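Pasting the structures here.
In the two assemblies presented below, chain A is common to both, partnered first by chain B and then by chain C.
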Partner chain A sequence: MATKYDWPAAEDRSLIGKRHNRVDGPAKARGAAKYSYDRNLDGMLFAKLVTSTVPHGRIVGIDTSRAEKAPGYKGHVNILNVGDEVQWAGAEILAICADTEEHVRDAAAAVTVLYESMPHWVKDEDVEKAGTANRVQPAKDDTKGPDLEEAWKSADATVEGYYGLAVITHCCLEPHGQVVDWTGDDITVYASTQAVARIPGDLAKGLSRDENIGTVAPDSVHVITPYMGGGFGSKFNIDTWGIACAKLSKMTGKPVKLMLDRDEELMVAGGRPSDFGNIKIGAKKDGTLVAYESETWSTGGIAGRGSPPVPYVYNNEERLAQKARHLNVSTNIGPARAWRAPNHPQAAVLTMCPMEDLAAKLDMNPVDFFKKNADLTARPEVYRYEIDKCAEMIGWSDKWHKRGDSGSGPVKRGLGMSLHTWGGRPHDSTCEVRIQPDGGVSVNMASQDLGVGTYTTLSVIAAETLGLQIPDITVNIGSSKLPISGASGGSTTVGGTTASTRRATVNALDELKAVVAEALEADAADLVAKDGKVFSKTDSSKSLSWAEACRKLGNRTITGQGKQPDRNGGKLNDSGVGGVQMADVSVDVETGIVSINKIAAVQDVGLVICLEQCESQVYGSLIQGVAWALYEESIYDQTTGKMLNPDMEFYKLPGAGDIGELEVHMVQNKYDDRGVIGIGEPPAISPGAAISNAVANAIGVRVPTLPLTPDKVLAALADA
Partner chain B sequence: MSSKNPTDGPVCGPDQEPRKGFSRRTFIEGVGIGAGAVGAIGAAEPARAQSSEPVGPDPVAITLNINGKSHELKVEPRVTLIDALRNRLDLTGAKKVCDRATCGACTVIVDGDPVYSCTMLAIEAQGRRIETIEGISTEDSMHPVQAQFVEHDAQQCGFCTPGLVMAGKAIVDGNSQPSMADVESGLSGNICRCGTYVGVRKAVYDAARA
Partner chain C sequence: MQNFEYIAPNSAIAAAQALSPKQGLTAVLAGGTDLLSLMKERVETPTRVVSLRNIAALRGVTKQGGGLRIGAMATVQDLLDSKAAAGYASLLQAARGITAPQVRAMGTVAGDLLQRPRCWYYRNGYGLLAMHDGKALVPSGENRYHAILGNKGPAYFVNASSLAPALISLGAQVTVAGPEGERSMALADLFQIPSSASERENTLEPNEIVTEITVPSASGWKTGTYEVRQRQLLDWPLVTASVALRMRGNRVSDARVVLGHVAPIPWRSSEAETALNGQAANESSGEAAGKAAVSAATPLSQNSAKVQLATIAVKRAVAMAG
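The block that comes next holds the complex of A and B.
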């Protein structure tokens, strides 16, 4: 049923779905945006962690006596104690603070921790060896769909192959950390976080566990995060370092800054589980998929983690016989954190790569094969449309050739594709919109902008609703004192925050209309806010400029409230999207170097709010995908149990010249009536599988695991 | 990696010689580094005056010329330019990310050349003209590179942005008609994690022509 909260009809949208400059763009381009790392408070101390140098052991001694005599030393707090077990190198043991950054480095280096060494295991790919080391947790089979044995009998072609991808780490450019200023009963936290509203409770709980501190009320904590430098799923909690930083602030009576060093950031503050698997897949002669069977294993640290939802996208339980078994490998590496679309990028590799191998075996063009089986997906028509659109963008029909049929020169070119899906439902959100007598409008909520464009989307919603322009709106987010809104994870933010903002703004406008109706002697129901005016749609002589209308408020400020969910508030959002990506690569078979010529991406997200920022999310996903497809890997050494590349020299990320040409198409005007759906995760899923498939198409053999480094490419060619 | 290794260094605008002068590496060769590092300063050309009288490890008074203004401060000789800018002068536009001359987030311009400020000591920056992101725009107008970053949505979280803007400025200062390959080469010493390169490339290319 239609309500006044519904999104304006397409012909009435002047801002929604259009291109807009990022509201926070100038502050960021000027270097004026203040991140947590940038806070310099009066008398502020610098803190640093002391972390475990062993991958597994029991702490038998912590000696801080030399550190306490170091110049500038101000205090330290233990995070672990003698007798505690550390389960990965880099685990947080204590936090120490001093008057300068240089002094705290000296003081931290003067701490001695002694361990009783315990056996460690850091390798995940060789599951048999991991099993011998007693590191593989038992699993059970998950069987769905038609009878598997019958399905295999009906298959005319099968492929059995090995596929996988390595552990990678988030490597947020602003490391995890915060500045804490504990003054009297007030704890102000400048936290680099994806969860402004969650941190007060998280910190209060962590502090209250310390009997020397006693109960801390969440309301005494004020989190301030107007900007944050990257999270990607890794920054939801206050973490041990945040609690320790607060304790140091209380202990010293000074503000304290504790931001992780780069090596700590890469070892303990990020981590996407690996996934490896033996996959068997079968189809009939005409390309109809009939069965998918997998044994997969992965690690995300001690707890394992990383069970992939396979078969991915092509998973109709009535028509496709499926059997999956997943093994958790327990390793002494930093624990996994959520990474954009947890487990989906892995599932895409473990599904779309075997599918392309099967298409090659069937001598089918993958475009035809993936379309032919679209009925096995949840949204066949969407995927068929998106496959065709993407194929057009990459020039598939001109450029695609049969696998390995790529000429005689040393540089082979190939195309590959992948599909993905994600939910992106809205999170809970409350919003307060204020209209001031001077015409000022503010949108207020304890949300956060991770760089996705929250400032911009909320400005667009309020401006569109009030008939104003983006600069007329002030968006106040990044403070936990504002109305509560959800954490930014799982592509839930844009759906939640735009709905609460729309409802709050409509409610505020209703109040303004009531005041204006009286002044104009008009019916409030006839009033419209558009083009900077409030006027009667039935009598054009009854019209006020926005400023005049707001002056009628006298000295009163209107506050409109809105929330998500709201059963009576119209249908503003949805979940469940599709997307298709295709890659065009060149591979030098003499050096093994893969380079990207082009990647094309087609993505639906329901109603697009800010087209340019939506596209930026997809571009960013493709570039991150190039990174983990070709370069990125957390490399662990079994002998020492340590990560060998916790830095940015050897933890490789692409530069501006490594990404080729990228083309993004957001599907608009097709699924707008579904409302707003999140964009952060979906496009981040497919790039690895698409690039791997393109490499296989180019060189004629499958490079089994990502990243597709030159050594692996050459090894695959040599094995062929 | 491809032949365009992102770690090749900021460093230059196109057609420029690789940086001369002081780097972390030459510093290590020259005087060693660590808690008790002793720096070397002189008057005329402090950066190169390796044979002059040693100072430190206690803080020494230095003067830095930043964005046309003279700043006097006392720092230990081991303090890097990035830490002096951020921790002593509250010039926090330049970011500390890798702290090892790889990612370019700390890029500033010294005597016209882009430099990783994590890899230059503050004492070595004396007597040189230092430009930071805070100094290239006025309250009313942004530098063309900054304006084009906004136009092309060349930023997400924005943490790498100041370094990329300064690297971009160095490119356009040295070349009013850079090719896209020139732009990619000049930006190859800067890393963005969110993935903003598509907008960044266009922004720098267009800014040169603005």
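The block that comes next holds the complex of A and C.
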């Protein structure tokens, strides 16, 4: 049923779906945008963590006496105590503060922690060895679909292979942390967070556990995060360091800054679980997939993690016989956090790579093979369309060849592909839109812009609804005092915030129309806000400019409220998208070095609000994908239990020269009726599988695990 | 960073006199691109830092005799910009490999030669020999980037300088100043494989500084450097090789082949040189030289790929020279 809240029809959209520059771009380019790390308050103290130097042990002594005498020392709070167990190197033990950054480093270095060491294990790929070390938790079998035995019998071709990908980290460029200013009963927190509205409760709860502090009301906490430097799923909570920072602020009566150092960021504040597995997959001669069987294992730290959703995308439970068994390897490494589309990138590697291997065995072009089986996916027509579109963008029909580039010279070229899916349902959101007598319009909610474009999308919605331009709108987000909106994770923000903003803006406009109707002696139902005017669509003489219309408010401010969800608020959003990516790579078979020529990505997200920001999410995903496909890996030493590369040298990321050409196509005007769907996760899923498949196509053999480093490429070639 | 005293004398002798004869107490500061990170990580904790920035005599890249003189404080960018260095193809190729403009602008040539190993055990505080509870960590540990030659122990790290292989292959000499005066030696002799924890990877006395590097004329030589690089972004190569070939007619009469990132020192390969001498400089002699260069390689548990990379680096360096 149509409602007044519905998105404008395609022909009535002047801003939605178009290309718009990021409204916060100039502030960021000028350095005027203040991130949490940039906050330097008067009299502010600097805090630093003291972390565990052993991967597993019991704390038997904490000696801070030397630190307390260090120049500039102002205080410390324990996070763990004597008797507590540490489960990974880098675990937070205490936070210490001093008057300068240099002093606090010296003071932290003067703390001595003694441990009674306990056995540790940091390796995940060799599951047998991990088993011998008693680190493998019992397997669980998950069987679905037609009879597996029968399915294997009906298969004309099967592939059995080993695939996997290493633990990586989030590697946020702005590390985790915050500045806390606790003055009287007010606690102001400049937090680097994905969840402005959630932090007050989280911090209050954490503080209230300390009997010396007593009950802290969430409402006394004000979180301020206008800009944020990357989270990728790792910044939803206040964390131990946030609570410690607040305690230090209370203790010293001064604002305190505690931002993690790069090594801490990489060791304890981010981690995407690994996944390794033996996969068996089978199809009939004509390419029809019939069975998929997996035994996988992975680690997400000491607590392990859930199993990857395999088979991925191609998982119709009526037609595809499936059996999955997953083993959890418990390791003394920093704990896993949600990483952009949790479990999906792994599942894509464990599915799309065996699928391309099977296509090669069947002597089929992967494009035909993936399309042929599209009926096993939840959205056959979407994927078929996207595969064709993506193939056109990468030049598949001209460039694709059978496994192994037969050209001369050491540099081989190849193409590979992968498909993905994600939900991206909207989170809950409340919005207040204000229209001021001077014509000013503001959108207000406790959401946050992680750098993805929330300021811009909300400006577009309000401007489109009111017939104004983007600069006419002020967006106030990044403060927990504003109407509550959800955490930004799981691609839920754009769907939730645009819906609440649309509804709030329509409601505010209704109030304005009532005032204007009276002034113009028109029927409010006839009034339209468009092109900077409010006018009657039946009588063109009845028209006011936006400023004149608002002046009619006298000294009253209109506040329009909007919510997501809202049963009577129209269908503004949805969940469930598909995407296809294809990679074109070159591999030097003498050195094993892989370089990216091009990656093409096609993505549907229902209704695109801001084309440029939407594409930017895909570009970012592809760059991040090149990183984990070719370079990134957390490397641990078994003897010491330490991460050896918690730095930007050996924790390798690509630079501009390493990412090749990227081409992105957002599907528009096809699925717009579904409304808005999130874009943060979906494009981050496929790059690894697509690049791995392209390498296999180039060199004729599968490099089993990511990252596809030269040593692994050479080893795969030598084994062939 | 531990507190330290900072001084910046204006002569090499004064700088040497300000340095302690005891290892580790004082440090020489050039561009600081390596030293400062070591100090921040508390891997180096000198109590006095002696900066060479005020010593004008250490600057400049100039012609000298028929050859080249590179002041210790000349930056990598100075080297690239200098007309005097134009004839030294392999050296410029190596300098260009240092892709970060920031590092080229601040990092000095002597600093590049004397940069400490990138070994992650060393950088994480386990010492140059990477020991833990009396046990060497590298042989059974994470050694994918470690040495494949000269790795009998106790040192397993690799020398990370890209300029050293090129300069050594060009026959460079180095001059060092101590509290009592100067001495010169072949650049290759600046490096050593430490045999105990009390030794470093270079032969400088703790109170000596490098003042200049001189390179004989390269005329009559074909030179080339090939670096195996995993990525374009600021990074060191995985393996590098520099060759200098003196030609008689179309045959090699004198070959010098020096590899980087394969051993605790820049690794001169007499085997590769023998394979090239008397041959034409082409793909097949390059390949033979590459294989010869690793004939004595003893890879560790995870770094056998570097054997292949070294072979290819030599082969391609010969091609670059030819």
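The definition used in the following text is that the second predicted complex is superposed on the first by the 718 of 720 C-alpha atoms of A that agree within 3 Å, B and C clash if a C-alpha of one lies under 4 Å from a C-alpha of the other, contacts with A are read in each partner's own complex, and residues count from 1 in each chain.
Here is the rule we go by: a residue touches a chain if its C-beta (ideal position, glycine included) is under 8 Å from a C-beta of that chain, and two chains touch if they have at least 3 such contacts.
None of the values given here were measured: they were computed from a predicted structure.
Applying the stated contact rule after C-alpha superposition, one finds that A:Met228 touches chain B and leaves chain C untouched. In the superposition on chain A, A:Thr100 makes contact with chain B only, while chain C stays out of contact range. Shared-chain residue A:Gly451: touches chain B; no touch with chain C. Judged by the touch definition given at the top, the superposed model places A:Ile635 against chain C, while chain B stays out of reach.
Within the superposed three-chain model, A:Asp428 lies out of touch with both chain B and chain C [touch as defined at top]. By the touch criterion stated above, A:Cys171 is placed in contact with chain B alone, chain C being left untouched. One of chain B and chain C touches more residues of chain A, and that partner is B.
Contact with chain C, but none with chain B, is seen for A:Gly592 once the two complexes are overlaid on the shared chain. Of the two partner chains placed by superposition, chain B and chain C are both touched by A:Glu649. In the superposition on chain A, A:Asp711 makes contact with chain C only, not with chain B. In the superposition on chain A, the residues of chain A contacting both chain B and chain C are 102, 105-106, 109, 593, 631, 647, 649, 652-658.
By the touch criterion given at the top, residues 21-22, 24-26, 28-35, 37-38, 40, 46, 100-102, 105-106, 109, 171-175, 227-232, 261-262, 450-452, 593, 595, 612-613, 615-617, 619-624, 631, 647-649, 652-659, 662 of chain A touch chain B in their complex.
Contact residues of chain A toward chain C in the complex are 102, 105-106, 109, 590-593, 630-631, 635-640, 642, 644-645, 647, 649-650, 652-658, 709-711, 714-715. Listing the residues of chain B that touch chain A in their complex gives 1-7, 35, 76, 78-79, 83, 86-87, 90, 92-100, 102-103, 105, 132-134, 137, 142, 146-147, 149-151, 153, 155-162, 165, 181, 183-185, 187-201. Those residues of chain C whose C-beta lies close enough to touch chain A in the complex are 1-3, 42, 99, 118, 120-121, 123-124, 126, 132, 135, 137, 140-142, 144-145, 228-235, 238, 302-306, 308-309, 312.
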